[in-house]
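Listed below are the structures to be examined.
Look at the two complexes coming up: subunit A is in both, with subunit B in one and subunit C in the other.
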Partner chain A sequence: MKQRTKSKELWIFIILVVLSVLISARSNVFLRPDNLIDLLKNNAVLGIMALGMTLVIITGGIDLSVGAAVAVLTVLIGKFMVTFGGNLLLTFLVAVAGGVIIGIINGTLIARANIPAIVVTLGSMSIINGLMLYYTNGSWINDLPAWFIDFGKITLFKFHDAGGNVVGIPIQIIIFLIMALLTWALLKYTLMGRAVYAVGGNPVSAKRVGINIERTLIFVYAYMGFLAGVAAVTHTSIMRQVDPNAFLGFELQVVAAVVVGGASLAGGNGSIIGTVLGVLFMAVLNNGLILTHIPTFWQKIIVGLIIILAVSFDVIQRKRMEKSLPRVDVEY
Partner chain B sequence: MSQMPFLQMRNINKTFPGVRALDAVRLEILPGEVHALVGENGAGKSTLIKILAGVEQPDPGAEILIDGKPANIRQPIDANQQGIAVIYQDFSLFPNLTVAENISFGKEIGLGKRFVNWFEIKETATNALAELGVELDLNLQLERLPVAKQQLVAIARALAFNARFIIMDEPTSSLSRGEVESLFKIIGTLKEKGIAILFVSHRLQELFTIAERFTVLRDGKYIGTYLKDELNEEKLISLMVGRRIEFIKQSRSKTGPVLLEVKSLTKKGNFKDISFTLHKGEILGLTGLVGAGRTEVVQALFGLNVPDSGEIYLDGVKVNIRSPEEAMGLGIGYIPEGRQREGLVLRQSVAQNISLALLKKIRGKFGLLNAGKEKELVEEYMEALDVRPRLPNMLAMQLSGGNQQKVVLAKWLATRPKILIIDEPTNGIDVGAKAEIHKLLRQLASQGMGILMISSELPEILAVSDRVLVMRRGRLVGEFAIEEATQEKIMNRAFMGMPGRVTA
Partner chain C sequence: MLKTSKEMILLYVFVGLFLLMSAASPSKFLTLGNLQSMATQLPELGLIALGMMVVIITGGIDLSITFTAALSGIVGALVLSSGYSAGVEGTAVIFLIIKALLATLITALICGFVNGLLISYVGVSPILVTLGTMTLFEGMSVWLTKGGAISGFPGQYQWIGNGYLGFIPVPILIFIVFAVLTLILLERTAWGRSVYMFGCNPVATFFSGINTKKVVMLVYLYAAMMAAMAAIIMTSRYNSAKVDYGSSYLLQSVAIVVLGGTDIAGGYGKVVGTVVAAGIVQVLSSGLNLIGINRFMVDVTMGVLLIAVLLLNSFISKRKQGKGVKKEPKKIGIAV
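This part shows the complex of A and B:
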């Protein structure tokens, strides 16, 4: 399946290149470094979340509570910073700890109580949203400390673009890249990462070979929560304020990016490279539509079509394979 | 036998709710021997394997010794650490991982590692394959390998964690003859290393080629362990079949003209060259081992499994059956195995279940249901089939297995089929209810219905059928009139095929 996944990744890469060529033919802004950097910065949060969702989807699960989780975590760190001041490390710790707790609760219900992931996370999404509304009344949090605002403005690797302007890579993109690298290494170089693939590929075999399925699933949802925490800090550092409603419906974009990136909702395959490409695709599509003055609702329609196409391609291929398998060992 | 056995199992019992799957079973495995485990469908072989693999726990009182020392196998990883490896029929591999990972995974987990060392993974895999004398591309995705090669990966995985005892469950069932020969060579290699093999197979000829000792199970009981020289195929079959309680022979009615004729029905990977007739008023028993292709054939008659070639005649007229709707339109009814899953809406009442099939008949004005008519018809069928208790409003899930099966029958009878196909009609039903279902089937036949009954239970086949067809590996290998049919004759065909035919 790696070969198949790789060819899927190649396809999404080709589509991405074609899309970029089309957009740059109609807009001379698109390929400008500042536009590309902005595009990446604005999608760093989507990207960070999609990394976690990749693991969840590889195990054959789904996490619909991520939008609500990241929203409540932004509120949490917003209140934390406004109330206690704190520092960057503590803020990260609070966000990440909150996310991991949400993830452990989701994962435990899914793995131990054997409730379908879609049910558990739909429920926790609703609960989190309700609690958050009760707590914030929908009001925004402003007046974040100056040190945090400064953190959000950090840029690294500065260079001069063609026009002589100084451009740098924002910290948010760096965070996304570090998380992508970390998640990639986790999947490739830890036994937990391989167990994620094994559980998604064949849970019965995974159990027979001695993998602790419960622990693997709980880890995966907890890791998703960890990344939701990182995403909450990243998002707040871009926005410099907290809007409790900023993430309504965001979970679907996250799932979409992962699926467009070639992961199968049936579990067993998916890759970090594919997901990064999927996120880039969503980002470029959105940016391109804005630059070419096409209404952005087209983004939703196009992404929807691509998901359905990608998934049906998967299902049809699987069915065809099953049909061609002999059911009886006929003697000839 | 002065050699210390690798494994001794004594007094292995396993009870599932209502079923005694294993009853004081024992097994002894010597280092480097090839041991055959044989028995009919449901004799308890799979349960015994699961206990060895740590998937199931035996009832208290069981004794398991490895190298003469008491062993505890609580979970699969324990079995692996004790040197026991199971190669399941489906191999239990990971289709989405590489060959190298599939081979090394068990070992890595057994060692409790946290990080993956890809160099080590490849080294482990290379060594295991070298021990087998096999070459495979380590980086290839497993699902891209043919079945026989996947099996080698499973064997290599067992070697990778130093297994001393490998259980192979139906290892040859999906292999060609050439592949079976190379598997036997591999088994020879394993033997030389002192690794014991438990070979579970329905193919007796293969067993006599490869195995040195045989342990026979029947109905969950230990029958005995025999040296190869003490046995031949006939004797082995009679040990497996034994003598069992027979059901009351149902009185037969006279059968009428040919209702259904099937000519050389063939579907690749399902069945080949199937020809038979079914008469009006006849019960035709179709038996054979599980996986012989029985269900695939009857599904072809019901439009669920369209054949590649061959002809079906109904009342002498050639018909093409491409969907269950067409089959039902032609007057064919099909009650699949597993009545709860496919035949009943368990959370609805008995009346609702029966009237589901009657909807056309009880539809009144404006498409509304005629409640009075519904009640009348439901009561009529409940009485005719003697569904007990006679409470139409009871939920289907509250009925006993036998009465559930009657409700399923009622549903189908309401459509007045000319031909009824029924798969394992009394599976999981107690003995008394079995006899009632048998009687009902005979009654239906005497009213002129043609019944094609699949059953793995030979006493049932003998008690109910007028004629018996036997399938083996996708082919019809025997037809017996009821007067000449015996359990031994049927099992001989089911296990060994037609006399005089060369079989793999």
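This part shows the complex of A and C:
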């Protein structure tokens, strides 16, 4: 089991390296530090969301409301900052609190009322989106306070690249890394993390060993909401304005990144390292297609083909492995 | 014989809403014009929902259904606009339209075949396959249209989406035909039985000697065919084809299917339920629009309705479980 997850991640890593080599052979811009940093910065939001979605998918669920959630949270903090001023800590708190509330509502409906996650989050998606667009009428929020814009420009660990330019790591990448570490530690070293895997792998056994399934599920959706809050602040700090329509269809991109990273939608499977690699893969692919001047018309075709290949390959490999194992159960 | 089944509750909701809307604005809602326009709008989403329902009964989902519709509509539109010039008349136009309809259908069936192949023969989970093919079909649609719209169809083609037979719009007739067809296929044929069986228990279905792979393949082909029909109505109604026509129907169609009582885990679902649910959604969105409620609030209403109906269902089933003699053992604790 562990062997398999490991080999899965190794495969994604190898494919990522091969892809990077191919792109850098066609474009000398790709491996430049500023390009790589831009690439990471522009995908930090996707990455943060994918971390939360990994947990949701490990429990066997799915959260289609994340696009709407992060959009409404950007509007919330935008309005908050424009109206009250506030400071960075308060802004973070508002975003995270909003996200956690959305998550708890989703989680409660899923865990307590036993409604499938896909349906609950479909419903909450259209409620959140509708309310937000009604309230904002789709108009953008500008005039964010200067301190917030400055926050978005922070770079750390400055160094000189080959051309002598000063390059630093943007704060958004740091936020993503901290969240990734936090989520990784949560899954690996805490009881809750173990419970997340147990609930997804086999709810019956999980219940028998005394895991509170309801609490675990509500926690997972609340954590997804927490990360949506962090992602909302991160996104706004990059864009320096709020567009209520920026996240339409974003939820499926997040799911795609997690799935390419090796998590199985049947639950019980998935890892943070895999998801980070999945996000990197999507990021490198999109960046590479632009750098190698492949017309944008082709990009979706290629991304679609890669998702299909990745998931088919995984299934074929698993089938092969099952064949080599001694048969215990009657299966077809 | 009137049981309080899920479908009957829905029908009451539908009738109630219809009366409510009629009472709220009798001068606007209860006019022939409004009823006709509702009957013209409903079929696109309704057809996609019917296709989605068949897939969901097997426990799957088809996220690629709207882009199957977009892609097939675009291919049909290309055939139509490239073959049509001012000089073409009479039977030549009819042949051209038939050619375009066939092109639409065949393209959709190819899309469905790809889904079916990967899902039933390779064994990848439906949501993953269709997530990939959704992106793929969208990409191909963008590639074919270069992001623009395709237009320049013969005037006769518009009859499908905008025409009337008597005072009845043609799209609603097409919808009725396919709803009846779906009903017959699901409830009167061996294939239909095995679709429900597969949704309940794929392993048992396999061991009872049913070629489950073929059943599932046909399910995705059928969904694609419904997408093609929706695409034909759409391109004809808008007199053009574009990538994002109908892209909002994806999650809406899932919502309609679930609202219609179909179990998202598979095994249960009725054509009547889906049709009534599609009707509810149409009455709600047209009615609220006529009263002058913001269209975004219509989305909110639908979301609330979806969750409320499911909460009600889960509440009812919990009470039944609590009251009755233990007919069904509780799920957790028994399944070894």
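Note that in this section the second predicted complex is superposed on the first by the 302 of 332 C-alpha atoms of A that agree within 3 Å, B and C clash if a C-alpha of one lies under 4 Å from a C-alpha of the other, contacts with A are read in each partner's own complex, and residues count from 1 in each chain.
What we mean here is this: a contact is a pair of C-beta atoms (placed from the backbone, for glycine too) under 8 Å apart; a residue touches a chain by one contact, two chains touch by 3 or more.
Small disclaimer: the values here were computed from a predicted structure and weren't measured.
Contact comparison for subunit A: of subunit B and subunit C, C touches the greater number of residues. Of the two partner chains, neither subunit B nor subunit C is touched by A:D143. Contacts of A:G268 after superposition: subunit B is touched, whereas subunit C is not reached. Looking at the shared chain after the overlay, A:G200 reaches subunit B, while subunit C stays out of its contact range. Under the contact criterion defined above, the residues of subunit A that touch both subunit B in one complex and subunit C in the other are 204, 207, 331-332. The touching residues of subunit A, when paired with subunit C in their complex, are 62, 64, 109, 113-116, 118-120, 122-127, 129-131, 133-134, 203-204, 207, 252, 255-256, 259, 264-266, 296-308, 311-312, 314-316, 319, 331-332. Subunit B contributes residues 53, 55, 75-77, 80, 86, 88, 92-98, 101, 105-106, 108-110, 113-116, 118, 141, 143-144, 173-174, 268-272, 291-293, 296, 472-475, 497, 503-504 to its touches with subunit A in the complex. Taken together, the subunit C residues at the contact with subunit A in this complex read 61, 63, 118, 122-125, 127-129, 131-140, 142-143, 146-147, 203, 206-207, 251, 254-255, 258, 264-265, 294, 296-304, 306-307, 310-311, 314-315, 332-333, 335-336.
The part of subunit A that touches subunit B in the complex is made up of residues 1-4, 188-194, 197-198, 200-202, 204-211, 268-269, 324-332.
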